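For reference, the structure I am asking about is given below.
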Amino acid sequence: MKSAISRRRLLGTSAALTFTTALLPRLALGSAPISVGSLTPNTGGGGPFGPNITAAHKLVAEMANAKGGVLGREIALHQENSETNPETAIRAARKLVDVNKVIGVLGTWSSSVTLGIMPLCQEANVIQMCTSSSANIPLKDKKGLVFNFMVLSPIWGDALADLALRRGYKTYSVMALNNDFTKSMVDTFVDKVKAGGAKVSNDPFYYNGGQSSYRAEVSKLIADEPEAVFIPSYVTDFTSVYKELFRQGYEGKVITVSISTGSKFKKVVGAAADGILHGLPAPSLASAAYKDYLKFAGLKDTGAIQHPFGTAGHDQMSVLLLAMASAGTDDVAKVREHIHKISNGPGTAVTNVLDGLAALEAGEEINFSGASSDVDFKSPSGVLKSRDFVLWEIKDGKDVVIETIASAS
Amino acid sequence: MEVKGIVSGYGRGDIVKGVDLAVGQGEIVTVIGPNGAGKSTMIKTVAGVVPARSGSIAVAGKEISGLSASEVARRGVAYVPQEANIFRSLTVRENLEMGAWVLPEKQAERLEMVYGFFPVLRERRDRRAGNLSGGQRQMVALGMALMVDPTALLLDEPSAGLSPKLVEEMFEIIARVNQAGVAVLMVEQNATQALKMSDHGYVLAGGQVKFSERADVLLNHTEVAELYLGVQG
Amino acid sequence: MLQVLFNGLVTGAILAPGAIGFTLMFGILRFPNFAIGAYITIGAFAILFFDQVAGWHIALAMLGGIAVTALVVWLTDLVVFRPMRQFPPISLLVVSIALSLILENVIRFIAGNDVRGFDIPLTRPVKLSGLMFTSEQLYLIALAVAAMFAMHAILKFTKLGKAMRATADNFTLAEVRGIDTDKVIAATWLIGGALAGLAGFLAGLDLVIEPLIGWHLTIPVFAAAILGGIGSPYGAMAGAVLVGLAEEMTALWFDPAYKVGVGFVIIAVLLLFRPQGLFGQPEIKK
Amino acid sequence: MLSYLISMTTFVGFFMILALALNLQWGMTGMVNFGIAGFYALGAYTSGLLTVEAGWPFLFGVAAAAVVGLVFGVALSYLSVRLRDDFLAIVTLGFAELVRLFALNEDWLTRGPRGLPIDVRPLSGVFDRDGYAIFYLGIVASAVLIAFLVNERIRRSPYGRAAKAIREDDVVAEVLGKNVLRIRIQIFGLGALYMAVAGALYAHYTQNISPDHFTPVVAIFIWMSVIAGGAGNNKGLLLGAGLVMMFLEGSRFLGEFISFMDAEKASAIRIILIGVLLILVIRFRPQGLMPEERFKGPSEI
């Protein structure tokens, strides 16, 4: 019934469209643009990542607009800064939802922001696309409107523990930045290595970012001289922590998440970064989607992981636009269904929005694979089915892939 | 020094309500009056610490009202506040050096002069001024004022808080400074003693001059004696 | 234990220049300048600029950065604080918070949020009879101590330094005695700014350079200054080392998660029971 | 747009309650409080936990928040007697940070950084989305109104004038026979109560709280509101809170015009503008937009 109405409305609109186009031939896109919201952490804790996500959203939207938009309508992108702070983010999301009437809010990063804006998005029937790892997200997503482009953090802990065990380390110490992302990761990591017969020699503890020194934390961490240390963290605090680890003469293995060891990190610590093991849910760097992303973003293929979250931003916008094109409407319930449809397939494999739109126009069904992952969602929840988890070791200042684990979630 | 019709105060009200007074060259002039008469505000106004709202203050024929305290100091008018009149955390010598800020070229010479007035300060020159006795602190305060080679000293209750013996000593010092050719305008609670060594006296009440007489006349003035000198008629 | 003391000393050395700068400014201007953290950030980024963009030798870059910071800090006085000299301290406190937001975001506007570091390779520690240290840490302590002695010499032996102490001690009297308080205030900002610049260098050596680097040091710096007795540069130095130690010990023997609260607890306890600081003279009620 | 305005007005309402609280403490009695976020968080978590974990109804949760705010406010007010303004600013800021650290680290109680989802809301089944937004705005608006009326009542009463005497000079007030300590404790406690109630209302409005909601930035916004509006003037600071929110959120709409700049730079510019504006207001309008009304005549001490 509803779809019939919207189809009728659509017909009406196209009739009106032809009419206005006839009157005003210079107005190429006569009907109202489709509003999409981008809410990214451009300052605060997510500051090192947010701008990449924003840029990726913009890039994809512009690519689509250059080809005449989606459903013959322009994509109007509205970008806001969450300041990595839910108190601010809620008001920004209100603006996106209530003023700009966006169909979705894309790009939230920290779980506190994603969860913070969830009640209002659910209430207004707005799609959310995020890269947050809190296990609370699927639990609270009653309407199945939240699509998470990052696997939940227990999976990270699991994969990294696997790697560590296979490397044969017998004793571990664990400390972590105090946040939602790391907490579940630490729990799974500890359980897994213990189950694997290894020993966790300390009582895992948490530190806060923004300290004036990390000396005591590091001393405490390596007091029992463990073979390996596991430090889930963000890049800002990890850089300080790692400098300190090195200066305290720690010779064992350092295991962490790749978001802490990007190119900026390597530049800061230089040769001292060699030997760090790190992992991240990521596409294979050889994948077509990732290469496309590098091309679009104007980046060189350095062989290292770049823009871990920018790639996800690219995929978020691509998936949303393709789902609308596939659904033939911007009706949220339909779009939601088609998000599952185009990301899980079956259909022609596409890796970017242009190919996708072209294929849809040609009447094909598509299966989108992204720069950040294959983007296959479980149904009904918007949790990724699996994501390749890539493990690297830094050698001579470069990330060298050790192995790739297909993680089920 | 000529003061004509100065009005000043804090906030919304006036405390000094049109005061005239004059200090001749080399004179000692004492201002007495009950608590709250505006004596302290008056002397601060002359010193430039509290801005004058109207009236004129002239030193050797040159207008100084409207100048800041430090500019007044540069014109040879040295004010010694009643309280907090030394730099407690600095040594005695450093205090005196600070006094000579506006007259650096004469610093050595003036320092000798001040040590001459107060030999005890030479002994204690490296002590923190805050650790000295009350009398010695007053010497530092006065010494600092003398460092600028002033033509006039403005003293706000120089004997306040001193033991009777020290009060005596203080007044002696003021007399010696005065004999060196420095005019003195002071505000005092120890009215009788202060007037005894003064050339001229004023009685201030309610922000206005009630009496202006030669000091010896004022001392024998029955009404003044009764009201302000604590002498029972 | 020796190691803990040494670690505390290193942290203290990082905090000390900032704390001295803060306390100098407080002594004369009589309000807690929250922008001290932003000044430190400016120092770190200015040095970073000379080090990496201009390609200067690191020692030269440090001096250049310190000079730039001193100048910027002095400019903030001319533009922002000077017209408000008579305002109550609490208004100035709010102004300084606003100023630190502005400065921090100017840096963010220019340099972005990325993490950065000076072009100095990390070194492994030297172990000497149970004590472990790196050469940078020795430089760091040496620089802080040198700054301390320089500050001592300025305050003790130069006329301007004595005038600064006098003005901090008793502003009204300084004016009455004809001390050029405008000059003293300008000197205070310049010296305070230079110290913040140095703090930026030390923090940049030890931590990671990003727009919030100085903000993270603000509370420990306050704590050090208050612990040492506000307005007292020597106290600030000692206070910095004690705050450093207290933070190390909290993280080691209590819970690292509460470490960032240590500064506050020190401040609160101290202000309640010994408001003049550990080494300060009781302030006379005026 | 209408529903946006409704929700922004609701947010302004939270700011207004906080600003009215700060006006009691600072504007009318001269007690500095930079720990606003601390009381705000206490109220939010108290009501959130009691309704979610213990199943209390909304109103009881809010009432419990009020009590907790009052208790902590009274405890902290003893500091205000012993400390200078600027030191008290730092200590109260520290209090807020400790509350936040507690919420962050004691996850057995607060669920730490994972955040606390709160689905308890009064009469949640009765209205549709827009209707509920208006209903909740009504709740917040009544709280603002009550706080405003109480503030005005206090301001006009002899008690309020005693508070003002303390602000001007507590020694003089003491000499005049005012019980300075008692008044300080009562006023600070009442202010803290307002803040906690605002926190509780905020928690049930946003339905998800985490320690990140209660950073010291909140205190800065509220101080901006009070300073911009005029310390001591209850009407002025309502205006101030509205203006601050308008500026904070209005500068978002500016973003549409500076889209040539990347987001990172644009948000930096936005915060720079906020800082500049605050400084300009303090510099050129130190009494605020609506200066405090002065009582004339013998009633003034």
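What to note about this one:
Each chain carries a letter (A, B, C and D) given by its place in the written order, and its residues are counted from 1.
We take it that a residue touches a chain if its C-beta (ideal position, glycine included) is under 8 Å from a C-beta of that chain, and two chains touch if they have at least 3 such contacts.
A quick note: this is a predicted structure, and the numbers were derived from the prediction, not measured.
Under the contact definition stated at the top, the chains bordering both chain C and chain D are A. Each chain gets a centre from the mean of its Cα atoms; the one farthest from the centre of chain B is A.
Centre-to-centre, using mean CA coordinates, chain A is 35 Å away from chain D. Note: centroid distance chain B to chain C, computed from Cα atoms, is 41 Å.
Remark: chain B and chain D have CA centroids separated by 51 Å (rounded to whole angstrom). For chain A, the set of residues that touch two or more other chains comprises 42-43, 47, 50-51, 178, 206, 208. With touch defined as above, chain B holds no residue shared between interfaces to two or more other chains. The multi-chain contact residues of chain D, meaning those touching 2 or more other chains, are 101, 104-105, 264, 268, 271.
Per the contact rule defined earlier, chains pair up in contact as A-C, A-D, B-C, C-D.
Taken in their complex, chain B has these residues touching chain C: 47, 49, 68-71, 73-74, 79, 81, 83-90, 94-95, 97-99, 101-102, 104, 130, 144-145, 148. Taken in their complex, chain C has these residues touching chain B: 159, 162-163, 165-166, 169-170, 172-181, 281, 284, 286. Across the complex, chain C meets chain A through its residues 3-4, 7, 10-11, 14-15, 108, 112-117, 121-125, 127, 132, 134, 136-137, 203, 206-208, 210-212, 215-217, 220, 244, 247-252, 255-257, 259-260. By the touch criterion given at the top, residues 1, 3-4, 7-8, 11, 101, 104-105, 107, 112-115, 117, 129, 206-215, 217-218, 248-249, 252-253, 255-256, 259, 262-264, 266-268, 270-271 of chain D touch chain A in their complex.
Chain contact summary for the complex, chain D toward chain C: residues 32, 79, 82-87, 89-91, 93-95, 97-98, 101, 104-105, 220, 223-224, 227, 264-265, 268-269, 271-272, 274-276, 278-279, 282-283, 286.
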